[in-house]
Structures are given as structure tokens and as C-alpha cells.
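One structure coming up, written as C-alpha cells, with questions to follow.
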Amino acid sequence: MADQAADRATQEALDGFYGDLKANDLAPLWPISDELMPAAPTPATLPYLWRWKMLRRLAERAGELITIERGGDRRVLSLANPGLGGAPYASSTLWGAAQYLGPRESAPGHRHTPAAIRFVVEGDGVWTTVNGDACDMHSGDLILTPSMHWHDHSNPTDHAMIWFDGLDLPTMKALDAIFFEPYQPDELQPVAGHNLSERLWGGRATLPRDHGHDRPSSPLLVYRWIDADRSLEALLAERGGPLVTLEYTNPLTGGPALPTMACEMHRIVPGGLTRPYRKVGSSVCVVYRGAGHSVIDGQRFDWSHGDMFVVPSWSTVEHEASEPSDLFAISDRPILEALHVFRDEWLDAPQDVTATFEAKEPQTQDSVA
Amino acid sequence: MADQAADRATQEALDGFYGDLKANDLAPLWPISDELMPAAPTPATLPYLWRWKMLRRLAERAGELITIERGGDRRVLSLANPGLGGAPYASSTLWGAAQYLGPRESAPGHRHTPAAIRFVVEGDGVWTTVNGDACDMHSGDLILTPSMHWHDHSNPTDHAMIWFDGLDLPTMKALDAIFFEPYQPDELQPVAGHNLSERLWGGRATLPRDHGHDRPSSPLLVYRWIDADRSLEALLAERGGPLVTLEYTNPLTGGPALPTMACEMHRIVPGGLTRPYRKVGSSVCVVYRGAGHSVIDGQRFDWSHGDMFVVPSWSTVEHEASEPSDLFAISDRPILEALHVFRDEWLDAPQDVTATFEAKEPQTQDSVA
Amino acid sequence: MADQAADRATQEALDGFYGDLKANDLAPLWPISDELMPAAPTPATLPYLWRWKMLRRLAERAGELITIERGGDRRVLSLANPGLGGAPYASSTLWGAAQYLGPRESAPGHRHTPAAIRFVVEGDGVWTTVNGDACDMHSGDLILTPSMHWHDHSNPTDHAMIWFDGLDLPTMKALDAIFFEPYQPDELQPVAGHNLSERLWGGRATLPRDHGHDRPSSPLLVYRWIDADRSLEALLAERGGPLVTLEYTNPLTGGPALPTMACEMHRIVPGGLTRPYRKVGSSVCVVYRGAGHSVIDGQRFDWSHGDMFVVPSWSTVEHEASEPSDLFAISDRPILEALHVFRDEWLDAPQDVTATFEAKEPQTQDSVA
Amino acid sequence: MADQAADRATQEALDGFYGDLKANDLAPLWPISDELMPAAPTPATLPYLWRWKMLRRLAERAGELITIERGGDRRVLSLANPGLGGAPYASSTLWGAAQYLGPRESAPGHRHTPAAIRFVVEGDGVWTTVNGDACDMHSGDLILTPSMHWHDHSNPTDHAMIWFDGLDLPTMKALDAIFFEPYQPDELQPVAGHNLSERLWGGRATLPRDHGHDRPSSPLLVYRWIDADRSLEALLAERGGPLVTLEYTNPLTGGPALPTMACEMHRIVPGGLTRPYRKVGSSVCVVYRGAGHSVIDGQRFDWSHGDMFVVPSWSTVEHEASEPSDLFAISDRPILEALHVFRDEWLDAPQDVTATFEAKEPQTQDSVA
């Protein structure tokens, strides 16, 4: 009886104490320390996949329903990872999206601290003007719009074009570091020329002397598929399959093309699973070519051309191609490396596949029908 | 009538479309682009202040009510910024807290990827053992526990001690980069000696040759108040007041002591407002000595010894000391600099003061009474 | 009289003193301080030029008279700047030479700390094997043999080949830093393949991920003329003439291909003198294409294909092409930059031409006749 | 007979060929390749030692015989290594000297690209003004005069002072990179204050924020003996004897105090030979305290306070102290590291002592007598 009374008194004292903490904008560490400091990363980001067929169909519907002027400067459908509570982010650190630009349309100029890349899943004809340099976009090309570079998109053709947008926006948001400016007073920048950066900075390990360019982000704004393809072929010949990886770099530093976002192309050839791998930091992958599947934390994701999928931080991933495949990927690795908290490892045993991901295709088909 | 019907049909099509987007885990950019990309940072973090008197009183109650074993490895009261929806974070990127260690107590060893610092607001007698080096803690000292360094705290004295804990934890969480390990099997590391790093790395611009130490975080684990005080005095003599700032550095690089968190001491002397300043990234300030006030985004915060306050990203701040004052501060600047998105500016005109912050002292007093 | 005696006594004391200094291996600074510390560099290196016609003829005679085995591993004629007292150096810091390899010959493998480059003035068919990678040499190509890389040359063809050798040897000698090892026991390294580095590292701003290569010297060992030519053309289109300069870089760093020697190609188009320029450090230029003249410290040097000439440190130089011309050049700039003593300047007024250089062609012709 | 005739003809052809090469300023590599590229460094620099007693005596005679105005700006006796053919250099890359400044004298201001250090062997009272900052010189202190910093010396006392000068001058000369300017029109710079850099930059791993200082050379211009002594004591306690080494660093980088010259202090305690060691690059050592001997390439050099000796590149050296000893040393290591050609090694077996160095003391004594 006495014990019960003592327990009750203790509990009341504790309740009063926790109430006072809360009232004073304090939080006790001890009840939440496991959650705050887990043994290994416990990302809210889920492994997830979006089908290209669905993305394209919905992007086309956006093209019909939404004018560019309707709001926003862009007709962009962002991948909203279901683990992130409705945030329009592909992962906790990365933005991924499909952008649609209709025939004869243009998307007005602006600039912002978040860095962006465009990867062309299919089609061509559009150019992205970056600080006055009109970068023509062809299938398989990578276009950079580094932090605080003016950029707009122009489609002079009779057909629409859809491409992949990748940004470091969630990280810049988490760091409260976002600045944005619309280009004014015109909608579009004047074009000084087409593919100027490619001509000036696109040499093979040669650079203009006395260029005076800043080093953090690449002065080369466009990376062509034909060059990536050749380098991947050579790399595969040199190292053998089933997986080789190429990184797009800043020719001034040999480091990542952007200081906040790595751009890579993985070539995977049929012939077995790639070795299981995990790393700190997330990736968004875009299937440029081929078909196959990936296993992410035990869940199987089948993919083919245009599909986009997310690998969360510290998730184990392995791939297997049923056809020769090329996976474009962005990741936050440069950030983690700059902060000296990157780690990765290759594992020995393949994962057990415990589930298979089913994409939500039917719903779209129904609603269109 | 026809128009209304058309409008209705359009709205239905739009509703259907937005529904399909949501059902397919996509989010349209255009309705949210202003919020996603504001003209300048719009941090959720609020300018805020916690009184030392209140912190100490509640820390002491924690000492009475909560044993170290009760859960968690630490008796820590974290500053929970009211703008952050209940998260135990001082700002969106920084952790700030008061830690209490009772007489003859010790807090068990562990290590984690988030880097931490301890700043001693008052008292002495405790040591923090970092990778076997027992760092004695005196008033005004700064102690580092860099990423993945084992650390525990020991209080061999008859009195309790409270100090300030600062961590980059929110950023590491946002990056899904947290790893944690308890020290095992003993609670505490064996102590190889006291203040070893101070003896070995605490020279004036001299270093052991062939030290073989990694460069990212400082091998010097303790910075003494007496040294900071002398350097601040010299700096003030050289540059004049009302404000001079000293940075604690990694002697191997001359850069910040930790790659993810800057540690600074501001000396402010009476004689007028400091020049208004704003920077990308937040700071947590701990008043070590003196009294005065700061104006943050038009709101006045009066402070004296031990008070802790937060300056959000891009908030304009100016200080005025009524007595000679020293403000210790941590910030996320090294992260923003590493990612090349840091910017700051000194403004010309002092801010209009539109509000005065009232701290929540009474509630605590009542509950104690 | 007394004065004279005093003067004599003083002189005797001085003489005795100077004798004692010398006997004790000391030197007084005051009589030589102007020479030791001139207002600006006073290089012993002279501006100088060697004609390709002469170099080729003498290299061919070396081919007839000297077998590879006769001594030395190479049939190399080094440019011996007449200002350097007989030393076999093109300038005080750079080695320049013509190397001759006869039909079906090979030059045995070795490696050394001095870094070397080969620039192909004309011809093809030879390969240089560098750490097992056989680099095919074509006209206009640049081949690297970085510090401590095994290298040998093989000529499987029926014709001889002559190329330019450039080394940092004089600097390495001045620093007492030369190490040398012959390849053993075979004369030549096994060839793992041809142009492997080109395939693996010759991308346009792409690199293999996780390459694990050291950064100081370029992993790309061969730079093709066709690529340099295209980049020079683009650079000229972008910037206009009469002079544009391309630097061969290390794709891992964006810095010079070798940490001790810059490799550049200057494209000069007819249309007037280039702006007078001077820099700390010397250069050796090889005329790859075209014809024209340079003025170096007031002396005119006419040049055409294959001629080699030296620009000493801090000598003012300007060029004028009579035909579209390409000048390959090596320099010690990376050394001076690494030591933070590089400086250069563009001057306004063209130099007065006070002399014209006459090359020593006849002597060779006579001796051959 | 026919063979002899053929041999003779061959020899004549060769002689003619070599003559033609010489006449055309070319040198054949093959006869000299072993000398040019030895298996390991073959420095002309000899291991050598100068006695302090002799240096001081001759410096005092210079004080009597040579006025500061007599020529040169300095009364400097440079160590002229007998291996260097009369050049006033301590080693092929380093200048070492004793500088004498009489009572009430001053040495006029100038600046130059070669970087210099002063190490105070004994005495005090003089200050060296560096860019307006009067650095007081005490026994055991190190004073920097980095590249292109104005410097002059002032002796306000009644006694003369002698100290050690160390410069990278031979290397700057080899690189044809020397610029020199006298300070004008006054002899001496105005003094802004005494020991300003010490106050501002002499913290323990703290730096002024926003200092805006260039990084190549240290902003801290004076390093006190008392600090070096304490750090050496701690280092010895931590690591044990018989040898510990401290490097004077640039607090902005953690690298060497000067980009071209390392400054180190070796503490050697009695108790046996230090482990044999060799490195690329030479050193000049100044015995600050104690007595003992060193073995350099098998030759024994006995030393005591004030003696100066040279260790050539790649010479094996070991030390043994008969009393607790401190050896100050300068070396060219930062240059070799910047060029990525530094290498060093610790050897296992002590050297055989095959000779003992005899310094040339008597000659001076005689001439003075």
C-alpha cells in the first residue's frame, strides 16, 4: 500500500516535471534517445518506383489541363515518396520529377540556390538556356543548371517533350538555404549561342588556359549520350560486367559535376546479380535503356525504359539486367563526402527476396479510360 | 450557363487529374512552387531564448527524478524550438541542450556520427573521456567529441555540473547519416591519461612531425577559456569594438574545429549596437559572461549569463552589451561553405524593434513551489 | 702619408679577413648581394632556337652511327642552351631533346623520378609503353611518362621516327631528387594492351567511379591531336585571335597533366603580333604547324614546322604567324605556382626588334657533305 | 688491318658527328645518361659543419671591419658548402648564414621573393620589422620574413647580436624566380607596433574570424622558444626518446610555416643513437642547446651549442646526444612534397663510422692572433 502510494507520488512528480519541460520548450533526451540515434540510418524514405508509362500519360494530361502560366514556372510532376508524409520529394534529400513542355511552349527563366540537372529520357528538340547558353537536349543527354545559374526551357518543335528533373532541393530546404529569383523583365534570356559550353569546356582533358572560371560547379553544362556510351563501353571492356559506373565530372576539379549532387550512369549487362551494395545517402535512378530488376532491402522492383526508382540511405541494393541496361542516377554523395560522413560497403551474400513491388499503373489507366 | 458548365467540366477534369496524381504518388509543382522556392530562406526555426535560471532549475529536478539508467545514456534537456513542431531541436540544423551530471555519477560511453561539443557555462570537476583521453572541464572551456569518437562523462566530485551540449544531429538526421554504437562491455572507457590532446596538439602554431592524424576533425579536443580570453583581448585591442569574433580551429587545417559545426566566441563590449548582420544557416548562442540584448528580426531578446538563444537562417541580428560580454556560439556554417551555398552580409541600418521576447520563467517557478 | 698607411693597413686587415672567411668555408654576402638578389630574374638561359632540318639530319646520323646498346638507353640529342655552360639543358629548369628510333628498333624500359612527355612532331608507328599500356604515337599527339612510371619505346615499322622529349630533369637535378631504375630482366615490359588509358580516362568530363587512382599525375597517358585541334578551333571561335592557348590537364584534378610540367598548345593565326607577355619560369616551344616569328627580349626568331625554341624566365615574348600556326610548349609553371612564386604580366607596347637570330644550319650541312 | 682501318673510319665519323652536335648546341644523351640519371641522388652538397666559436669570431671581425653601408644591406657570413664550387650556399637548395648586427645599428629594409627565417642562437634585444610589425628577437625564437614581405633589423641595445639566417634562395635562383626591392626612401619601415602578429595569430588553435589573410605563408611571424620548449617536453613525455620533432606551422593551413621551407626543432635526449633516417632534400641544422654528435653517411660530426651543419639529400643520418639537446633545422621538404617527389625512410642498422669530421678552427685562431 505504502509502495503504491510512493509509486503514485513518483509518477505525479514525473508527470509534473515533463509538463514543466514542455511548457518551457524543452524536451527530455532519455525517452527518445534510441529513436534519435539509431544504430544505423532509419530513413523515412521508402524504396519506391514510378512507371514511365504512367508518368508520361499523366504528364500529357498536365499538358492538356495546365497552362504554363497557370501558376509556377514549370509543368512538373514530382515524385512524392510515400514515406515522406506527402512532401513532394523523391527521397529525404533529393527531388525527382518529370517535366513536360508542349509544342511551341517555353518555360520562363529563373535562378535559385538549389542545383538542378535534366536527364533526357526520350525525344529531342528542346533547349535549356543556361546563363545565355542554349543547350540542345537529345535523348540520353545530361544538362546542368548549377546553383544560381539563370535557366529557361524552349521548345521550338511541333511535339511535346518530357524529361527527368533532379534537384538537391530537399537538402537546401533542410539547410534553410533557398534563394529564388525570376528572370526579368522578359520571360526568356537572350541566347548568346547554342552549346557554347560544350565547345569551350568539352575537350578530352584539355582546358582553356587562364579561364578564370570558379571551381565549385562544372562550366561544362551538357554531357552527351554518345560520349557517355563510348566511355561505358570502354569501361565495360576493361573491367568486365555485370556492372560498371561512370561519373559525370567537373573538368576543373575532376570532382562531381555539381558540389551537391552526383550524376552517374550505371551500365548493367545480363549475366547475374550485381554485388549487393549499400551506402549512406539516397539515390534516384532513371532507367534509360534496357530492362531488368533491382532488389532493395529484400523487395524486388522490375523496371524497364523510363521507370524511376529510389534507393534510400543505407538500403542494400543489387541489380540484374535481362537486357543490356543503362541506369542514370543522381545521389547526395558529394554532400556526405564533403562532411566526411560518407561510408559504403559491398556485401557478399545476395539478399533474400521477400516481396515484389507492384506499381500503381491501373489507377491511372482507369481514370484515363 | 455554357461557361459555367464548361468551368465545371474543367474543374472536374482538374480534380480527377489531381486525384490521379496523388493516387500515383506524384505531386504537381505549380501550386506549391512559391512555397518550395521562396525568394529568401523562410525557416520554420523561430528566434528564441531559454533562461539559464530555468534550465538549471529543471536540470536539477531531472537530477532528482531521473537516474542515468532510467533510459538514455544522458540526462539531457534539449532546447525544443517552438517553430519546429515538437522536434527536440534548437534550430532546423542544430541541437542545443543542457546536460546535468550529478555528484559521483558518470554517463556511459558511446559514439555516433553526429559530432558534438560541450561548452562549460559554469562549474568544473567533470571530465569527458574522448577516445581514452580524459578532458578536464572548467568554466569557459570547449570540449570536442568529433564524429565517431568514443566519449563518456565522469563526475568524481561532490557537486553536480551542468554544461551546454551542441550537436549537428538535425542535419545528420536530415541526411539519414546517423550511426550509433554503445561502448562495451564496460560502461566507461579506460583512461589513458588526462588532457593528452592538449599537451600534444595544443601548441602555438607548432605540430608534431609525422603525426599521421586524419585532417577532417581537430585532434585537439579541448580549448581552454584562458587562451580564448587572451586571444579575444588581443583581437579587441587590434580591431576595436563593439564586436570581435574568434573561431576555434582544427590546427591541422586552420579550418573549423569540426567539419560540420563552427565554434565561435564573440566578445561584445558596451558602446552601442553591433552592425546588423545576417547569414545563411542558424546559430545557437550561449551567454558565457556579461549581459545585454540582441535584436533578431525586429524582436528584442535580453540576456545574461547562461542564457541560450537561437538565430535562424537569414535572420538579421545585432547585439548590444550593457556589460563586457562573451557569447559562445555554434553554427552550421562549415556545411554551407562546403556546399558552396553560404552567403552573408552586413547591413547598414539598425532594425526597428517591434517586439520584446518574454521568457517562460514563471511556470517553472510555480511548479517548483 | 698617414692616410695611405692607414688605408694600407685596412686593406691588409680586409684581405686577411676575406682569406680567413674563405679558409673557413664562409662567403661574405655584401660583395655579391646584387648578383644574388637582382631586381628581377637574370637567367643564364638564353633565348635560343634549333632548326628542325638540322635536328632531323643529326638525329638520322645518330641513327647510323650509334646503336641503342652503345650506351644509354636512348638515342637522344638534347638541346644544350649556350647560356648554360655546356649543360645538356634547354633551359635552367627544362630538358628538351629530339629522340630518334630506327626501324624495328626498341628503346629499353626504365623509370625515374623526373617526369617526361613526348610530343610527336611528325610521323607515326611507334608506341611508348607506359606501365604496360602501349600508347600509339601519331603526329601531333602528346604522350606522358609521369614520374616513376615504367616506359619503353617500340618501333615495329620500316621507317625511323623522331619526336620531341621534354623533361623536368634540370629541376629534379637541382633538387637532388633523381632516382632511376632499369626495367629487368627483360628489355621491354609486357604489353597489356594498346591505348588502355585513352579508353578508360579519355572521356569528355566523365570518369570511372571508384577508380582509386592517385591524383598528382594524369592517369590519361595520351592526348590526341584531333581532340586538341577541335578544342583549339572552338576556343579560337569563342575568343578570337591572334592567340589562344589550351592546356593539357589531369582529368582527376583539372590541374596540369604533370605536377611539375605544364603542357600547352598555342594556336596563332595571322593578323598581327600577339600581346607582349612575360612570366616567371621558362618554356620550350615546338612548332607543330605553320610558320611565323617570335620576338624574345628584342631578338627576332623566325620559325617553321619542327623548330624548337626557348623562352627564358621573365623574358618578354610576342608572336606573329605568317600562316596558321600551332606551337606546342612545355613550362615549369606548375612548380612556380605550387611554391606561390609564379607571376606573369601582359604588356602594352610591342618590343623594339634589335637583333635577328641566325640558326647554325650551315655547319651541319657542311659536315654531312 | 682492314679492321683497324674500319675502326679508324668509325672513330673519325663519330668525332665528326660529336663535333657537329657541339657546333649546333646539342648534346648526346648516351655518354652522360648514368650521370644525369643516377640510381639515387648524388648531391654535390657535402655533409659539413661550421663551429659557432669560429662563426662568432669572424662575425665580430666583420663587425669591426665592415660597415653596413660598405655594400650589401646586411653583414652576413654565408655557409659556403665546399662541395658547391664556391657558391655561397649551405646546400644545393638552402642558404644558411650568420648575421651580425652591431650595437645601435640597423640593417635597411627590403623585400624579395626568396623566403627567409631568423633563428636566434643566443642574445636578444634586436627586433626584425616585418611589414611594419616589429618582432622582438630572443634566444631560441624563430622569426619569419615570408616571400615579398618588407623586412629590416634594428638593434637599439649596446651589445651586438648574431643570429642564424635561413633562406630558400638557391632554389629560387635555380628557378630564375628572384625579385628584389629596396625599401624607399627611408632606410627603415615605420613601426606599427611590436609583436602584433603574435598577439593576433598566436592563439592556441583559435583564429580571428573573417581574417581575409592569404594562406600560402604564415601570418604568425614569430614563434617563441618558451612555446616550442613546452611542446617538445609534452611530445617527449608522450612518445619517449631519444628523438622527437616539432614542426613550426602556418596556423591557417596546418602546413609548413613557409611554402618553400620547413622549420623544425628536434629534441634529442641522451640514451643511444636515433634510428638512421634519410630523405630526399637537404637540411641545415643549428645546435640550439646541448652537445652530441651526428653520423652522416658514415662520417662523425661532433657538435655543441651554436654549431651549424648540413645534411645532403638522401644522406643517412643518426644523432646521439651526450646532453639534452635541441637542434633547430630548416629543410626543402615542402618543395619536394608540393612536387610529389618527396620520399624518406627509417633504416634498421646503425651506420659504420668511417671518418670523423675536423672543423677548421685553428686557421681562424691563428689569423686573429
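Per-chain numbering from 1; labels A, B, C and D assigned in written order.
What we mean here is this: a contact is a pair of C-beta atoms (placed from the backbone, for glycine too) under 8 Å apart; a residue touches a chain by one contact, two chains touch by 3 or more.
Keep in mind that what you see is a predicted model, and the values were worked out from it rather than measured.
The set of chains in contact with chain C as well as chain D is empty.
Chain centres here are means of the Cα atoms, and by that rule the chain farthest away from chain C is B. Separating the centre of chain A from that of chain C, both taken as means of CA atoms, is a distance of 46 Å.
Separating the CA-averaged centres of chain A and chain D is a span of 55 Å. Chain centres here are Cα means. That of chain A falls 30 Å from that of chain B.
Here the touching chains pair up as A-B, A-C, B-D, C-D. By the touch rule above, chain D contacts chain B in their complex via residues 196, 199-210, 215, 218, 220, 223-224, 227-228, 230-231, 234-235, 237-239, 244-254, 257, 264. Contact residues on chain C toward chain D in their complex (touch as defined above): 10, 13-14, 16-17, 19-21, 23-33, 36-43, 45, 48, 50, 54-55, 58, 61-62, 65-66, 70-82, 86, 88, 92-93, 97, 112-114, 147, 169, 171-181, 216-217, 259-260, 280-282, 312-314, 332, 335-336, 338-341, 343, 360, 363-364, 367.
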